[in-house]
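Got some structures for you, see below.
Same chain, two partners: subunit A is paired with subunit B first, then with subunit C.
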Partner chain A sequence: MKSRNVASSSDRAGRLSSNGAGGSAAERIRRAIALVNSVADEAGDEELTPTEIAEAIRDCLELSDIDEIPNVRRYLGEALDAVSDGMPADFVAMTLYAALGALREGS
Partner chain B sequence: MPAAHRVLPLPGGARLVAESMPERQSTSMVLMFAGGSRLEDDRLGGVSHFIEHLYFKGTKRRPSSKEIADAIEGVGGFINASTDKELTAYWARVPSEHEDLAFDILFDIVANSRVDEADVEKERMVILDELRMYQDQPQDLVQNLFEELIWPGHPLGRDIAGTEQSVARLTRDDIIEYADAHYRLPNVVVGAAGSLDVPHTADVVARGLALRADPDGALDSSTPDPLSAPRVLIRRRQTAEAHICLGARALSYMDPDRYALDLLNTVLGEGMSSRLFLNIRERLGLAYDVHSFTQKHRDTGYLGVYIGVEPKKAVDAVNAVLGELRALADDEVAEDELTRAKEFTKGRLRLEMETTNGVAFWLTYQQLLFGEIKTIDEELAQVDAVTAADLKRVAIKLVREPLQMSVVGPFARDSAFRLAIGA
Partner chain C sequence: MGRGRTLDEAVDAALIELQESRRNVDVKIVSETADETVVEVTIIDQNAPVTAATAPVNGKAETARVLVEGLLKHMGVRAQVSVRAGAEPLTLDISGRDLGGLIGWRGETLRALQSVTNVMVGKHLDEGERVIVDVERYRQRREHTVREIAMRAARQVKMTGDAITLDAMQPFERRAIHLALEGDPDVTSSSIGEEPERRVVVGPRRAAEQ
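== the complex of A and B ==
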């Protein structure tokens, strides 16, 4: 397993639309996970920037229905902080999976 | 059914528990001493375990470990020992006609070991290696860390083998002094089961067991302080899997609800029909290895869950486990699930009783720790008496305790883990 640092990707902001706005909270979180995983696994064709990943997470945070389930917003906030702090992509992914799992447990 | 065992007082305050099983080919014998790593302060951490190792190095009559091994293996027997937190046991299993020999070797080991200075140094190196090996085995490391969290600053929270610092500092005098204080007749129960004649066994033990008779008066250990808050302890290691132990203080083995706790543990995470296995592994595919376990002592205990999981799924798996714990506190388990758990528990206990070794340990353990012995039938009846309401009551108690979590894996920070358990 790779453990690439999110902040170490080349910073070409705005190149990729990472959020594709819309969808349920679970869909948006899955989309953010897919983006982070492509960094973690070096699977993507193009390099992603922290800004793009942060945007995808902010898309999740925009939805008010995440407040109905405990901790989802807090996990997403942790994920956003982790991106800002340049934490490894695997760590960001873990926090997003936790948010997705909290949705599953709470639904 | 009347009890098949007999409890006989021995000179000096020792006790013999013996059960004749005439249809068996073997006899097993156990010398079980009250005490263990729980009685050690930080300076003496690991001394009980050190003694147990050293006692196989040679006695006055059998001056080397080879002579001890030859004596028992020469008749096809087994000999071994184990150190626990509240007891230390030396045991052997031999074809029945060699019962006297096996007792003679065990008595020789515990009363006449040479504790040679050179052996102390050699064994110190072996134990230090053992301790370092645990550091390299994440499953062991994470459980040791978990116990540090469950019993912080208390000997119960320390590895039975001690710490590298304490083992490095123990002197031969420390070891001899400690053994002399604890290996005394009032602190030992001798157990025997197999094809034996109880009066003969009693005679062999009474004549052969030569330890000091006066009590040492040093068998007390403080009760751990209550835990006030949830905590997370992370050791960062570049492992491919994350290793997590999660749990809370639970019941002592003196608690009448211990049977309910054991069944709760079975329902939750013992075996492939447990909730953790079926839901976390089979349904969600979150973890390869997920199971629960308990540890019980005189005045405390815990229930823990081990999770071996891909690091990215670590917190998700923790949350899923917490969901299973909460479900046990929210709803009574279904009658058929409880029945399955009871049959699992009773079946395992009966299978343990298949061997003379199993019976000898079962009897000795109870006599030493409880001062009385339940027959298998009495024990099975206690299991059968547990209700779904009992399990729910114990689960509620458990989830109200502050959760503790240890993690070994490639994690740079603990924030998401702390969030999961409210730490």
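== the complex of A and C ==
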């Protein structure tokens, strides 16, 4: 992932996984988007790694509700692949917005 | 030219003078302060091809502008896209009537549009270069508002010595606050919490440095 303020922060990753257990699908996707946007917009006040973003997307994929709506799981899977492949933050964000849009259309 | 306390008032003043409706004109903001906004309003020639560039034509900027214009056309949105003069990074302004839907809840749709735009024009940009998309100056207004909030918070922190936690904000808004306060010798800003509830804390610099 293209980012300029990325550094290791294992304590935050731990908090992220423990906090990520709750919330609706839309909330979890919005949270993942916010993390990606934080990298893209260079807020400059947090250190995020691709692992943390992948973790947030996996939190979305854990929800069984998303299978009831077409394409949501597919877009989330594509976003996760994009993070793994080191695609630019805007590309990941766009794919996550597509998942959010599909969720809205289907609900 | 139109003048008013707000953008809407300035545009309305110009429209009354020209006896035109908003859909037939192109609006360019000449200056914008806390007290007064000055706009230049020109009547659009309906038969002329749309070339709304307000900045000297730059290859990358023009490519981005044309791509976004095409995207909006496919979306069925009637709007004009122009390149903001002198803006760094490259900023595209979208203007038109009833564009609230293009901004969306807390600017979510606008942010999505910006992501799509950057993916579309990415291959024309240098490494790390980005395009900012703004609709009806929403983003600029938000940045202006959060900077004012930051200044107010800084004044209060200097008076009381207590730290203040602001509302949850988007990354570009937090960035605007950090930039606004970075030169202040008496206060400092930092962020706490998890996205999307991440908040800026403004506190006394001495306390932060101890």
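Note that in this section the second predicted complex is superposed on the first by the 87 of 107 C-alpha atoms of A that agree within 3 Å, B and C clash if a C-alpha of one lies under 4 Å from a C-alpha of the other, contacts with A are read in each partner's own complex, and residues count from 1 in each chain.
One rule holds for everything that comes next: a contact is a pair of C-beta atoms (placed from the backbone, for glycine too) under 8 Å apart; a residue touches a chain by one contact, two chains touch by 3 or more.
Fair warning: this is a prediction, and the values are worked out from it, not measured in the lab.
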item: Subunit B versus subunit C as contact partner of A:Arg58, first or second or both or neither; value: neither
item: First (subunit B), second (subunit C), both or neither touched by A:Arg74; value: first
item: Which superposed partner A:Ala102 touches (first subunit B, second subunit C, both, neither); value: first
item: First (subunit B), second (subunit C), both or neither touched by A:Ser38; value: second
item: Touching partner for A:Met94 - first (subunit B), second (subunit C), both, neither; value: both
item: Subunit C-contacting residues of subunit A that also contact subunit B; value: 37, 40, 88, 90-91, 93-94, 97, 101
item: In the complex, subunit B residues that touch subunit A; value: 240, 310-320, 323, 410-413, 415-416, 419-420
item: Subunit C partner contacts - residues on subunit A that touch it in the complex; value: 2, 4, 15-16, 19, 30-31, 33-35, 37-38, 40-46, 88, 90-91, 93-94, 97, 101
item: In the complex, subunit A residues that touch subunit B; value: 1, 3, 37, 40, 71, 74-75, 78, 81-82, 87-88, 90-91, 93-95, 97-98, 100-102, 105
item: Partner subunit A, residues of subunit C touching it in the complex; value: 111-112, 114-116, 118-119, 122, 127-128, 130, 170-172, 174-175, 178, 189-191, 194-196, 198, 200
